[in-house]
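Two complexes, one shared chain (chain A), two partners (chain B, chain C).
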Partner chain A sequence: MGDTHPMLQRFGKRRMQQVLVLAGLLLVFLIIHFATNFRFLTGRNMGIIVSHAVIPTFITWGLIFSFTSGMIDLSIGSIVVLASNFAGILGLKFGYVGLILGGLVAGVLLQALNGFVFLKTKIPPWVAGLGMAMIYESIGAVYSTAAVRSGGMVVSLGSQLRGLGQLPFNVLMLVPGLIAVYILFCRTSIGLNVRAVGSDLRVTKEMGIDPNRAKFLSMLVCGVFIGLGSAINQSYVGQLLPRTGLTTVSTIFQPLTAVLIASSMGAIFNVVIGVVIGTISLSALFNALTLLGVPSGTWQEVVLGMLVIAVTIVSMRGEEGVVK
Partner chain B sequence: MTKSFSLSVADVSKSFGPTRAVIDVSLDFRAGEIHGLIGENGSGKSTLLSMIAGIHTRDKGQMFKGGQPYDPVSPAHANEQGVSMVVQELGLVDGLTVAENIFLGKTDQFANRGVINLRKMHRAAEEAFAAWGISQVPLDVFASSLTVEEKKLVELVRALSTDPDVLILDEITAAFSHNNRTALYKLLAKLKAQGKLILFVSHNLPEALQLCDRLTVLKDGEKVDTLDSKGLTEDELKRLMVGREIKETYFYTPAKNENAEPVLVADGITVDGVLHNVSFELRRGEVLGLGGLSDSGIHELGKVLFGLTRADQGQVIFADTGERIDSLRKAINSGIAYVPKDRDTEALMVRATIEDNLCLPSVDAFVGPLGFLSPRKRKKFAGEQLEAFEIKASGIRQAVNQLSGGNRQKVSLASWLSRPNKIIILDSPTRGVDVGITANIYKLIAEVKQQGIGIILISDELPELIGCSDRILIMKNGAVARIFERAEGFSENSIVEVMI
Partner chain C sequence: MKRLSICLLLVLLLSANVLAADYKIGFNNALSGVYCLDILENFAVYGAEALGVDLMVVNDEGTIEKSISNVENMIASGVDGIVYFGLSDATFAIVAKMCADARVPLVLYDHLPTPDTLAHLRNNPYFAGAVGEDDYDAGYPIGEFAAATGAKTAVLVTGNRGDTTHEARVKGFTEAFEGAGGKVLDIAWAATGGRAEALKKSEDLLVAYPDVDVVYTTSGEPAVATMEVLQKYADLGIQYYVTDLDPPILEGLQEGKISAANGAHWINSGLAVALLHNFLEGNPIKDANGQAPVFHVPIIVLEAGQYKAYEEQWLNNMPFTPEEIRNLSVKYNPAASAESFETLLANYSVEQRIMDKFEAGIITEEDLERYGF
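Presenting the complex of A and B:
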């Protein structure tokens, strides 16, 4: 039925586009380097940038599973707080094994609970997620209050178990993380079903796939990466104080921006790689703004907000009614 | 039911709310036959086949396959029992690649300890394309980037990849251009020779008569008759389907003035990689047919003419005002109407009501004295169109996604053709539409032409182009290959020669 398809020609283009994106990124980095009086592209600063990107990378890897299946969960930040503290508690008892297992167990269990609530109640996940965030924040506050009442404070690692959150081990964690998330997302039926469910529920059902199972699995896998991110986070900060008033929700914006960056480059890079590029770019952006003297907490967030809008426009290009 | 029949349905019924879609239908299908199901839109063809394919469960009746009770609970379950279907709607997951779509739900065969071997999966997909002689679509691209025709090819490969002994094709040829249609016929002959049963739905009666061994006519959910196609005529079929004689086919009347001034001028239109220096004029009161193979660019040209796609070079001029049509708004304000080919994603708001869909292109006509939309005018207009286009629905408040494919097409047509137009661009207007309404569309085209309106008829159906057009512009690889004048006498062979 016809000859070779013209779209086959696009594959050569893709490689070229990858080179162009990376070259463009390098060019931007060079400009920043000059603008920051040659303080940006130094080995030490690059280490800081990549190091700061590790935790958001793990969280974003988790998000691509739950978001792809349509489970927009806004309680991720509060789960990170609880999982980090639980990782710290187990870490002090069982060392690094406890630290990692603690993060994993808390991440997976809380995401499993969220998945159960989202699927059983059929409430839109982002609404139910806000409710769960309030519950998790309150649990954190109760734990914090109880710790203070008993004369202590929330778990603190002090100088123990801090290696996982520091260079080079935190960056080294990216390698197995990248391999694991790539295999799970792109090379297993779990990832395939998650992508299918998020893209077209009707067709997916007709292909004999149980959408609820796929969505629940996406939450569990998300929990694994959130848990790992939380363990590294606890090791990095040493102590993480619980917060209330839905302030943890804002934690999601940086990973969300990374997801959008990865989506906008979806035709050029695999989304798993796109996430790494996104989180490192964001880390580099904040680093550059700091070096340029832009105050954090105000103008840096303004830049992040503008970036979210810009990246969303790019990622939705080609859709009807969106700015070209 | 006897064992010689490969598949049988007995007294099968299915209702959707108050609508009785299939009523006590009994049919026997033989192995090694191509069995056509024909009927008007909403006659129950797709619903019956969906029950056989496990998409819908029946309310009543029994099904047997190979002499055994057959009771699929899902399409995957039907697949396991040797039944595959290419549905009338699009059936691919846009966010997955072509290879992933083909084996979605069946990837375990390529997995080692849970990890899918992509190379193995791609090789199997390549083999499936090659085995059935279907031109390969790149396996790594997302389905979202494919055309409707390419999607249907992938769906066909997916259906064949399970090596079914019953293959159900619901209006697949409506999406195919001449070349792929010809290849499909060869493929079906091969499958038939292998003893497979093919259940085939098409509104193209000459195609159904030529391809099928037997034809079952359905009307209003009930079986009218099953007949051997040998010796059967198109007129007899039409009578059985519609319940009345449909004599005239294309209602062609010559253009009032063959040398009428142009109403639309396309001047050197180029869209990189798609269209190359396309120039022509559409005259007032003529039907200009656009034809070509799948990669000819005819459908893309329609979008450029309506301002949906911007040309990289060249221009489209609305001759009455000399205005350059480079946006949708300018096209609509100039009185250009466009009925796209892909009704579900481009033509309709499928979740909205019939009333909303019908009224949207003509919304200015319903504004009352205070500037508000008049519900009374909207209701009256929608009701009139529902009747005029014979849309089978429970009322104007019914959601479009609850209608059959053909009735959706009628809504799409009605919404645009009911406006005061100066130019009408119709892309595959009779795609998935039954003979009764097809005749009405042809009649409408002839009537509209007599009002001095210029019509561009884009079609993959050569007989339709020949039957309706005053001139036929054939495109090849994005460029104008030749314009045939009716006065020269249209010959199908000479047109196909230019196409290929």
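Presenting the complex of A and C:
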């Protein structure tokens, strides 16, 4: 054993950690399964849990591009609302092609607009993002009010085009999504540049990378995944009502928690895989708490809050001043 | 000089509508984008147009702070009166004082004050009354009805903790259902944060309680989500009840996905505008005790067969004609009084409205047949 190559040793150690994490999760799931009178680990419930995780997964994959490059955009939720509605409108005209293209076009264009505003104004992205969220929410509200005034509501798919958001197609969408995000984030210059910009801006410039270009590209790629998530979302919910008052900002909370979970496991899993584990874990958490009879609206949120604090501590281990 | 003249002309043109209107009335939408609130705004606009007043609509964005600052802004902009939706009972006294200080009359719509708050408000000479419904009365009959079918267990899908509307509906249902021997097994709170959230919460709830007899959702938007989830569990024969009569709910009723639905959509906001209009016209409406009145809008229970009538005469048209709205104001009807409002509300049901419209020649005999009357 002593003669093993250090690379192999590190690989073996990492693989062991991965197995331990997954085994730990499985153990927790088994305990919940017994505690819930064998209702947790059923095929149907697992399908529901994974299905609930699909949309947050796409949004979180988008977020890892923008967040890694330092573009913390709080308007994501409002973009999802507009992109979902646009996807619905095109979907009713052109079928699934319209649904997906509508989401993609709206997602990419709105993220491009955000990127332009963030980079040109040079104000902190989270501040500018709040402003953009208010604008997008207002556009949605104007559309909704106009629809109500004419005796209707915002676009609804009814029973059409609902397959994409349902099992098994929504879960199947995770596979090409996972491959695409892995290639983009880990195997292309876009991902490399994004990670470089997020790590050290000075070094990035010395490497000849244009930080603004990298950040803008990260927003565009983020827009692709937000757009895809929006198309699936529209298919899943059928109709998405626009809201104002920055209510859409809370949409980012679950993906943000998933990013934190992925970061906390960064040494064990690739962040792209970590996101999937994170979103599925969150979906499983709420499902399990409901099965266990934990009241929603109060104690379930307490548990989520505690989880956020816990994974933030884990993900920030080693940083100065943070509890070990 | 030329530019100044053009500017003046533009200002005059833009304000022509305002100048033409008798009064400018401030109106708050608690959260634009929520269908049941937008529909209230819609009827208020309709009522204001019928009465010839200009309605200034503000969006409170779901927050009490914004709601109060919006009242300040409306007063500052010179409104003649305010029609106000209170997100919390605590805001009524604050807003009423602000209105009294500014000598601006106030009418509450949709959310009614508690008895203590109402007693306090009635000491305020600028409190002109309230038009709304008791949310407890929305949940209670559903609970009674569900229990009467022999159902023994129920789960609820509802809004946020602390939201007076949903807390009252949940309380009403629970007291009626449990009073008749049933048991509410669980309540999924905070399901009004969007359709996706409601879908997840409803699905988790049904996995946890697959043997439940009844599901009741207290609001339109999550109700559509719950309805979709229940379709996956159609084999379980779960009864489904809803409060709020949003268009997809009506479709669900028609398709037999919903056992019954109720709601008081539409009219309280427009009637509140009419109530305020009387005050502004120097005819403050008083109840039998000589106090500012509180008018309760009956909760409409909609059966599946009434879908077509509701769709055509509520969704695609307005339930009341402009003439009927004008009859509530002393400006157009010198005999307008509290009794005018009470009579109109006492006859507010799907059947009666349809028959009234038929007698007024608005709908034909063929329409009646199509509606199943």
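One rule holds in what follows: the second predicted complex is superposed on the first by the 315 of 324 C-alpha atoms of A that agree within 3 Å, B and C clash if a C-alpha of one lies under 4 Å from a C-alpha of the other, contacts with A are read in each partner's own complex, and residues count from 1 in each chain.
Please note the rule applied: a residue touches a chain if its C-beta (ideal position, glycine included) is under 8 Å from a C-beta of that chain, and two chains touch if they have at least 3 such contacts.
Remember, predicted model here, so these are calculated numbers, not experimental data.
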item: First (chain B), second (chain C), both or neither touched by A:233; value: second
item: Partner chain in contact with A:207 - chain B first, chain C second, else both or neither; value: first
item: Touched partner set for A:199, first chain B, second chain C, both or neither; value: first
item: Which partner, chain B or chain C, touches more chain A residues; value: C
item: Touching partner for A:175 - first (chain B), second (chain C), both, neither; value: neither
item: Chain B partner contacts - residues on chain A that touch it in the complex; value: 1-8, 10-11, 68, 183, 187-190, 192, 195-196, 198-200, 203-209
item: Residue ranges of chain A in contact with chain C within the complex; value: 36, 39, 44-45, 48, 52, 55, 137, 140-141, 144-145, 148-149, 151-153, 156, 158, 233, 236-247, 250-251, 283, 286-287, 290-291, 293, 295-298, 301
item: Contacting residues of chain B [partner chain A, same complex]; value: 55, 74-77, 79, 87, 91-96, 100, 104-105, 107-108, 111, 114-116, 118, 133-138, 140-141, 145, 150, 153, 179-180, 183-184, 273, 293-295
item: Chain A-facing residues of chain C, complex; value: 31-35, 38-39, 41-42, 45, 59-63, 66, 160-161, 186-191, 193-196, 199-201, 203-205, 207-208, 221, 224-225, 228, 246-248, 251, 315-317
